[in-house]
Each structure stands twice: as structure tokens, then as C-alpha cells.
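Each structure below appears as C-alpha cells.
Two complexes follow with subunit A in common, the first pairing it with subunit B and the second with subunit C.
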Partner chain A sequence: MHWLVEPGLWSNAAVRTGVGVGAVVAIVSAMVGLFTVIRGQSFAGHALADVALSGGAGSNALGFSPLAGFVVGALVGAGAMEAVGVERVRQRDVATGVVLGAATGLSALFLYLITLNSSSTGSTQLILFGSLFSVSAPTFLVVLALSVLVCLALAVIGRPLLFASLSSDAAAARGVSVTRLALCYTLLMAVTVGLSAIVIGAVLSTALLIGPPAAALRLGRRMSMTLVVAATFGVAAVLVGVVVSYDSYYWWPSHRALPVSFCVVALVVAEFVVASLVRRLTTRKSSA
Partner chain B sequence: MSENAVIVDVQGVDVELAGQRVLTNVNFHIDAGEFTGLIGSNGAGKTTLLRMMLGLISPSRGEVSWPGDARDLRRVGYVPQKVVLDVDVPLRVRDFVALGDDGHRYGLHRRTRQTWERVEEMLDAVEASELGERRIGALSGGELQRVLLAHALVSRPELLLLDEPLANLDPGATSDIVQLLARVRDRQHVAILLSAHEINSLLGVMDRVIYIANAHVASGPTDDVVRPDVLSQLYGHHVDVIRVHGRVLVITGDVSTGPVAEHPDLVVE
Partner chain C sequence: MFSSFMTNAWIVGTVVALLAGATGFFVVMRGSSFAAHAIPNGAFAGAAGATLVGVTPLAGLVTFAVVAGIGIGASRGRRSDVATAMALVMMLALGAAFLSLSAAYEPQVDALLFGEILGVGTSSITPVVILSLGCALALAVMYRPLLFSAAAPDLAAARGLNPTVLEMGFMLTLAIGSALTVPVVGALLTFSLTVGPPAAARLLVRRPFQALVLSMVLAVGTLWVSVAASYQTNLPVGFFVGVLSAVVYVVARVATLLHRSRA
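And now, the complex of A and B:
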């Protein structure tokens, strides 16, 4: 295995915690993200990530945990997006854009304040691009608890949510409260984006939310199987990303490792490309 | 339920959207097992009327009553006008039809054998059994309409509301769907209210027509409603109704006072 994984990787407690956090977040992101893609809310997910960024930056500027800032920021953004207007697709788009603009401005302010109070760029780097290996064990437990809650909530609303995502009018006619369901789902997405921000940073957090489910959708024919494939893709991207990042330390004489976030996101993109190719090949074969 | 039991009774209903009157003093009822065509041009208020019946829009005046039991959503099946399904949606046709039965239920529920049997029965009823394993997003327009019908029928409704199911179908597929609906009505004794902007494809199967124009409606047997005097009153100006080879041609405007303004949606070529 030494040719594949440099020695000492798993004996490092920070790496073990980071991999645990990454795997848990990858699973919850895949579950929530599958609905994000089906509902066509990728832009809303990205906007929530930017709002999470301002929350994380604000929290850090005030001396609190970035995780709390990420999650609370994304939740406030989700509430704002639903409050501004959701009756029509165009209104939803505008609402998302308005919240996104406001959040980006706040992020700029908070990141500026952080640089005033700190001589290093570490905090800014951590908020923007994450730092999986700096996650503490208590933070891991909080991430785990929130992830379990999100998964349970999704299990409860999953079927009506799928119904409403495919045809909101038909679902409403059957008594599904489509508006409340949308709000509930946006809040779950917000928490997930906040959790993902801890792993790969706020800027890249939607990569785990969108990438693995989008790749799985190219292959899956049933909802349950697609969920499993999406979660597997997400976990694989995190695990392999950690290994590649760790190993890359030994690749160059300068001993500078590639950032974990970059490795994870690059693998997510690779998974999507491969899944698309497989889909194209199987479609061509079946139509021939 | 007896043959002529009233399923839904709409009495004196006005509907306003964004401060504008869309429907005025609407009165009609639908009996069990009846095939009713809801006819009107684009933007006449057909979808608004259907949504109001479903309780998705509140009337500003009047009421919609469901005699018998209190309004039970399972009594009504609905096929909306727009159902756009991405080709990547990870659902087989039979999974999608099953959602029509249990898609409103929260929590984790394993589908029973009875549910799957009902799904197969409804796919068979709409002559789409062979589509069961296909991806829902990979169907043609005609195939999707059949599956949407099965989706709406699987909860065994007494009334089926279909919003423009014939739009975007070619004449052959339109005829197939109309004949299929007539068979479904006969075999399952389900009442059907189908909205369309073109009346001719429904002439052979309709028991009753509800005609919308200028925010007003006229309802009754087709021959009693699609008449120059009734439609002229609805449109507020002279309307001619010409019957050619068993088909109906509705012409709005007055030949003697100016060019004939053929109603684009209601005129047959």
C-alpha cells in the first residue's frame, strides 16, 4: 500500500477526524443534493453557500466558531430567500440573486475585518476554502448530530418532497403543503451547505452538494439506488481527496501539499465526467 | 354511488386574480360518470377554474360544494397542464404512478403488494403496461399523457380533472387519448372534466360542455350550449356557429360589418 498511501496517514488523529467529518458531510450532502438537482435549485444552493460564507466570516471576526457561523448564516439566507418571494420561478430567481448580492457584500466586510485583526491569512483561507484537518473532535460530534437530524428530517418529508418536486400542482391537489415543504427543504439545504463549508470551504461547498448527485443521476434509474450511488461518489471523493492531498506533500522537493478542497472538488468533477461518458456509451449501445 | 349523483356543485362563483375578475357567476355541476368538456380560448380561465375546484385558489364569492362526505382529496384526480420531467429523474414509470397513491404521505412507508397491483392495474387501464420499467423522463408526449392519467387514477378518484391534456399532441395521439378517456370513464365509472381550447376532438364523447368566454360560462349538453345565441351572449357580440361534416366551427365577429374575426383557438381549419 505504500506506493499508494504514504506511511503515517491513518496514524494521524487530525486526518482520522477529518476523514470522518468529510465522509459524514459527503453522505448528507448527497442525500439533500439529489433533491436540489431534481428541483433545479443548484443556483439557490450556491447562493446559500455564499451566505454561509458571510456567516462564517462574521462568526470568525467576532471570535466564534466558523461552523456556527456557516450554519446560522445559511439558515438566515434560506429564510430571507423564502421571505422575499417564492410564488413564481422568476421571483425565486430574483430573491436568490438579491440575497446573494447582500451576502457577498457582507462577506467582503467581514473578511476585511479579519485581516485587520490578524496578521496571517490562515483564517480567511480556512473560511473560503476549508481546512478538513483542523476540525476538532467536538466539532465532529456537532457535525455528526446535525447530519443525523437532516437525514431524519429528509426521510420524513422525502416522499411528498419528491412528489412536489416533480409536479407541485398535482401534489398540492393531493393535499401536500407545497410552500411549507419548500421552506422546510430550503432550511435543510442551508444546514447541509453550512456543514459542507467546514469540509471544503464556503466557496466550494456546493461542489459536494451538486456534483455527486448530478453524477449519480446520470446512472441511476431508481431513487434509492441513486441515493446510494451519490453518497458513494461523495464519500469516495473525500477519501481519495484526503489521500491525494496527503501524498502530494511528498511529490515535490518543496514539500507543499495540494489543498484537500482542491483534490476533493477535482475528484467530484472527474466523477461527473466519467458518469456522463458511461451514460452516453450505454445510451448509444441501447439505441443501436 | 347512484348513476346521477352530483359529485361537485359550483354555485355563483366569482374568482379574482391580482384584483382582476377572471370568472364571474360560474354555475355548473358534474354528475358521477359524466364526461364534461371545459372549452375556452387560451387565457379564458380554464386552469383558474380547475385550481379553484381543487381548493388551490379561493373564490371571492360563491361556493364549491362536494355533496356526500366532506371534501376528500382522494375523490379527485388531477393532471396539471404542465408536467416537465427531466430525462435524468431517477424514477421508473411505475414508481411515478405509485406517487399518485402515496406521494402525499410523510414518513418512511414501504409500498405494499396491493399498491403495486393497483399501479399495474392503472397502467393496464391506460394501455401503458409496457412502459412500466421505462424512465419517466424518457417518454414521448402521448406516452406521458397516458402515464399521467394512470398517476391520477391510481387513488381511485370519483372525478378526474385534466388540464389541457391534448395540447401539444398530434391529431392521431389526440384521438387515441380521447378514446382512451372514454373507455376509462365507462370501465371505472369516473367522471371526467377535461379542459381544451378546441371542441371538435371531444364531440363524440362529451356528455356536457362548460364553455368559458369573457369571464362567464355557459354549461349544459353540447347542442344546447354551442349555439349562436348562447355564445353571442357569452362573448358579448355576434358569434356564428357552423356545423360542417359533424364538426363545429365557431366564428366570432360580424360578416356584414367588417372582416370576420375567426377565433384562432376555436376554429377548425
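And now, the complex of A and C:
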């Protein structure tokens, strides 16, 4: 094992918390993200992470709890996106873009105010890229509690939501309230994405939301199977990414470790690329 | 406000805003906001990589923006939003790795993300103007096919327009335009200027060419007001660009709603 995992990995408290949080977030993101990919809402999923961070930075600048800031930011952002207009795909694209643009403007202001009021450095990079290794133990409990709530809510709306996502007209004809479901789902996605963004960074949050479900959807058709595969992909990327990042400290004489966010994202993208290639090879074989 | 050290900011800002207004019009027409967001952010990672290797940031910016544009353009079709998301996170993660390996000074990173328009040097004016003219020319050449394939993709394909080639050409133009804009207004706000004013123009005017002109006017107006406000208040210019772009859109939206309810 020594050649594979450098000594002291599991006795490190930061690593253990990081792996725990990463695994929980990976599982919840895989479940929520499956619907994001099916509904074609990747842009909104990514934008909400940035919007939530804007809220987090705002509450930081004004002296409130960042957690409250991110919840308010994400929910307001999701509400605004739905309010601007969602009837057509192209309109939704613009609505997401306008909300995202406004939120980044506010981020610029808040980050400027933070640097005025404190001497701390690295806040911009930490907010954008995050680090699994900087998660504190109390945060872990909050993440766990909110994740359970999101899963419960998803279990309740999952079936009608899937129906509405696959064929909105048929669902509406059967009496499903499609617009209300869409709003519920966007709010749910906002909480998930905002939560993971503030804990592990906006980049990693989007990667875990879109990558594993997209890879799983390329490999299988059955919904329950896809859920399991997506969650497994997500957790595997987090685990291997943590180990690689920890080991990379010993790779260079300068002892500059690769950031854990980079390792996890690279693995997620690799999973997606491999799954796409497998899909392409198998479809070509079956059509030939 | 118009003293000598501000001259560069006004010139470069105006050029960049005109280009963003023009490209943004097609971005809104074709529904490629996500790509317009992903490419500048990827370009930012390229600048970080260039700093690590020791070449000029503009080389890294252009390389990464072009690679991202090709990647996204090639995946055009169904599920292109997933491929865009994957390209975006991969490039940003690379940027994070470059930054932590090179230990760049944080204010430089902030400048790349949020822009430093008041620190534009005289030497950057010529390349920005030349490359902007190139992008404008490319857009003028592709004007009709781009609009045609956005309005009626099937019909355009039937008339012999290759959608992949067209998309690739547009993405490359977008990429080079973004690479220019990033050092001036920042990766995050290049995007605000590309979506807000053009979306507003599209709501207010029906005919495409008039909408394109209005979009450029609104973008330049937004940037001018932002630079002036930033100069007066000392707050970051990105804040004003981001918020004003959204305000322009919301005003246009309310105006059309009122107009429609009266009619």
C-alpha cells in the first residue's frame, strides 16, 4: 500500500472530514444532477453556484453568517431565473445569463469590500475554487442535515418530475402542474448547488452536479441503475482525487501539492470522456 | 474624469463594448450564453498557465479561448450544454492547479477575474483594436448565415449551410473577442456585457439589423456609465457593468410588458 497511498493519509483529521463531506455532496449532487442533465439545465446549475457564492460573499462583507447568505443568494437567484421567463429554451438561456451577470457584478463589489475591511488574502481563490481540506467538522453536520432534506424532497417530487422532464405536454395533460414542479426543482437545485459551492467551491460543485450523471446517462437507460452508477462515479472521483492530491505533495521537489479540486474535476471529466467514447463505440457496433 | 491616465480606459473600453454588443447579439439569437460564459473563464485559466510557463498572458488567453471554442463548437447539437459545462470546469480546475503551482500574487488573479480597466496600458490599445476589427469583419461576413441558421436551423441545413462549420466559426470569433476583453473588464464581466444589453435590444426592436445596432449602443452606454461611476465612487468597475447590464434588460422587459398590455 505504501507505494499507492503516502503515509499518514487517514490519520489526518482534515482529510477525513474532507472525504466525508465530499462523498455526501457527491451523492446528493449525482441525484439532483441527473434531473439537471435530463432537463438540459446545466447552465442554470452552474450559474446558481456562482449566484450562491455572491450571496455568501455579500453576507461575509456585511458581517452575517455566510451560510444564511448562500441560502438567500441561491433561492433569490433561482426565483429570479424562473421569474424572468422559462417558456422556451432560448429564453431560459438568456434569463440565466442575465441573473448570472448581475450576480457576478455584485460579487465584484462584495469581494472588493472584503479586501478593504480585512487583511486576509486568498479569499477570492478559496471562494471560486474551494478546498475539501478546509471544511470544518461543524460544517460537515450542516451539510449532512441539508443533504438528507434535499434527498427527501427529491423522493417526493422525483416521479412526477421525471415525467414532466421527459414529456412536458403529456405530464400537463395528466394534471401535473409543470411550472410549479419546475420552480420546486430549481429551488432544490439552488440549495444543493449553493451548499456544495460554499463548501467545496463553485467549480467542483458544477463538476459533481453534471459530470457523473452525464457519464451514467451515456452508459445506461434504466433510471434506478443510472442513479446508482452516477453516485458511484461521483464518490469514486472524490476518493481517488483526495488520495492523488495528498500524494502529489511528494511528487515535486518544491512540495507544491496539486489542489484537491483540480484532481477531482480531472477525474470527473475523464469519467465523462470515457463514458462518451464507450457509448459511441457501442452504438456504432449495434448499428453496423 | 477625462485626464490623461483615463484616456486609455475610455478608448479600450469603447472598443471592447462595441465588440461585446455585436457578438452578444448573435449569442442571444443563437442561445449560446453558456458558451459565452465558459470561454472567457477558460481564457482566464490560460493566462494563469502562461504566467506559470513564463510567456505573455495574451498567448495563454488566446490559446485557451480558442481550444474551448473548438471543443464547444464541435459538440454542437443535442446535449451541448453538458459538454460546455465539462469544458468549463476542466479549464477552471487547470487554472486552479496553475495558480497553486506558480503561487501567483492574488491581486493579479482578481484583476483577471474582475478586470482592471483603469490600469489599461497604451501598448495594449493597438492589438485590441486590430483584433476587434478582425472579429467585426468575421461577424459581418457570417451575418446572414448566422441569423438564418439561428432562426430556422433545418431550413438553413437544407439550403446547404453546414451547421458545424458555422458554429465553429462563430465560436472562434467569440473566443478571440473574449480573449481580448478578459484583461480589460475581467473574465466574469465580459459575459455580463455580452448578454444583458443584446437581450434588451432584442426585446425592444424586431428587425435584426436595428437590434444589432441598438445592442452595440446599449453596450457602449453601459460601459461608459460604469467607468464614470467607478471613477466617481472608487467602487470596482465590474460591479457597475454587471448590475447595469441586468438593469438595462429588466427595464426593456418591463417596457415591452407595458406596451403589450396597452396594445
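We take it that the second predicted complex is superposed on the first by the 269 of 288 C-alpha atoms of A that agree within 3 Å, B and C clash if a C-alpha of one lies under 4 Å from a C-alpha of the other, contacts with A are read in each partner's own complex, and residues count from 1 in each chain.
By our rule, a residue touches a chain if its C-beta (ideal position, glycine included) is under 8 Å from a C-beta of that chain, and two chains touch if they have at least 3 such contacts.
A quick note: this is a predicted structure, and the numbers were derived from the prediction, not measured.
Should the pairing of subunit B and subunit C on subunit A count as a clash or a fit in the superposition?
fit
Going by the contact rule stated at the top, is it subunit B or subunit C that touches a larger number of residues on subunit A?
C
Is A:111 in contact with subunit B, with subunit C, with both, or with neither (first, second, both, neither)?
In the superposed model, A:111 contacts subunit C only, not subunit B.
Looking at the overlay, does A:83 come into contact with subunit B only (first), subunit C only (second), both, or neither?
Once the two structures are laid over each other on A, A:83 reaches no partner at all.
Touch test for A:163: subunit B only (first), subunit C only (second), both, or neither?
A:163: touches subunit B, not subunit C.
What is the contact status of A:281 with respect to subunit B (first) and subunit C (second): first, second, both, or neither?
A:281 contacts neither subunit B nor subunit C.
Going by the contact rule set out at the top, does A:13 touch subunit B (first), subunit C (second), both, or neither?
neither
Report for A:148: first if it touches subunit B alone, second if subunit C alone, otherwise both or neither.
Touch partners of A:148: none, neither subunit B nor subunit C.
After the fit on chain A, how big is the angle at subunit A between subunit B and subunit C, using C-alpha centres and going to the nearest 10 degrees?
For this superposed arrangement the angle is about 80 degrees.
Please give the least Cα distance, whole angstrom, that subunit B and subunit C reach in the superposed model.
7
Do subunit B and subunit C touch any of the same residues on subunit A, and if so, which?
Shared contact residues on subunit A (touching subunit B in one complex, subunit C in the other): 37, 40.
Quick check on the complex: what are the subunit A residues that touch subunit C?
Subunit A residues touching subunit C: 37, 40-43, 45-47, 84, 89-90, 93-94, 96-109, 111-112, 115, 121-122, 124-125, 128-129, 203-204, 206-207, 210-211, 214, 256-259, 261-262, 265-266, 268-269, 272.
What does subunit B use to touch subunit A in their complex?
Within the complex, subunit B touches subunit A at residues 51, 54, 56, 73, 76, 78-80, 82-83, 85-86, 88-92, 95-96, 99-100, 102-109, 135, 151-152, 155, 161.
Quick check: in the complex, which residue numbers of subunit C touch subunit A?
Counting only subunit C, the residues touching subunit A are 28, 31-34, 36-37, 79, 81-82, 84-86, 88-90, 92-94, 96-97, 99-101, 103, 106, 109-110, 113-114, 186, 188-189, 191-192, 195-196, 199, 235-236, 238-246, 249-250, 253.
Could you pull out which subunit A residues touch subunit B in their complex?
Listed in rising order, the residues of subunit A that touch subunit B are 37-38, 40, 155-160, 162-163, 166-167, 169-176, 216-218, 220-223, 225-226.
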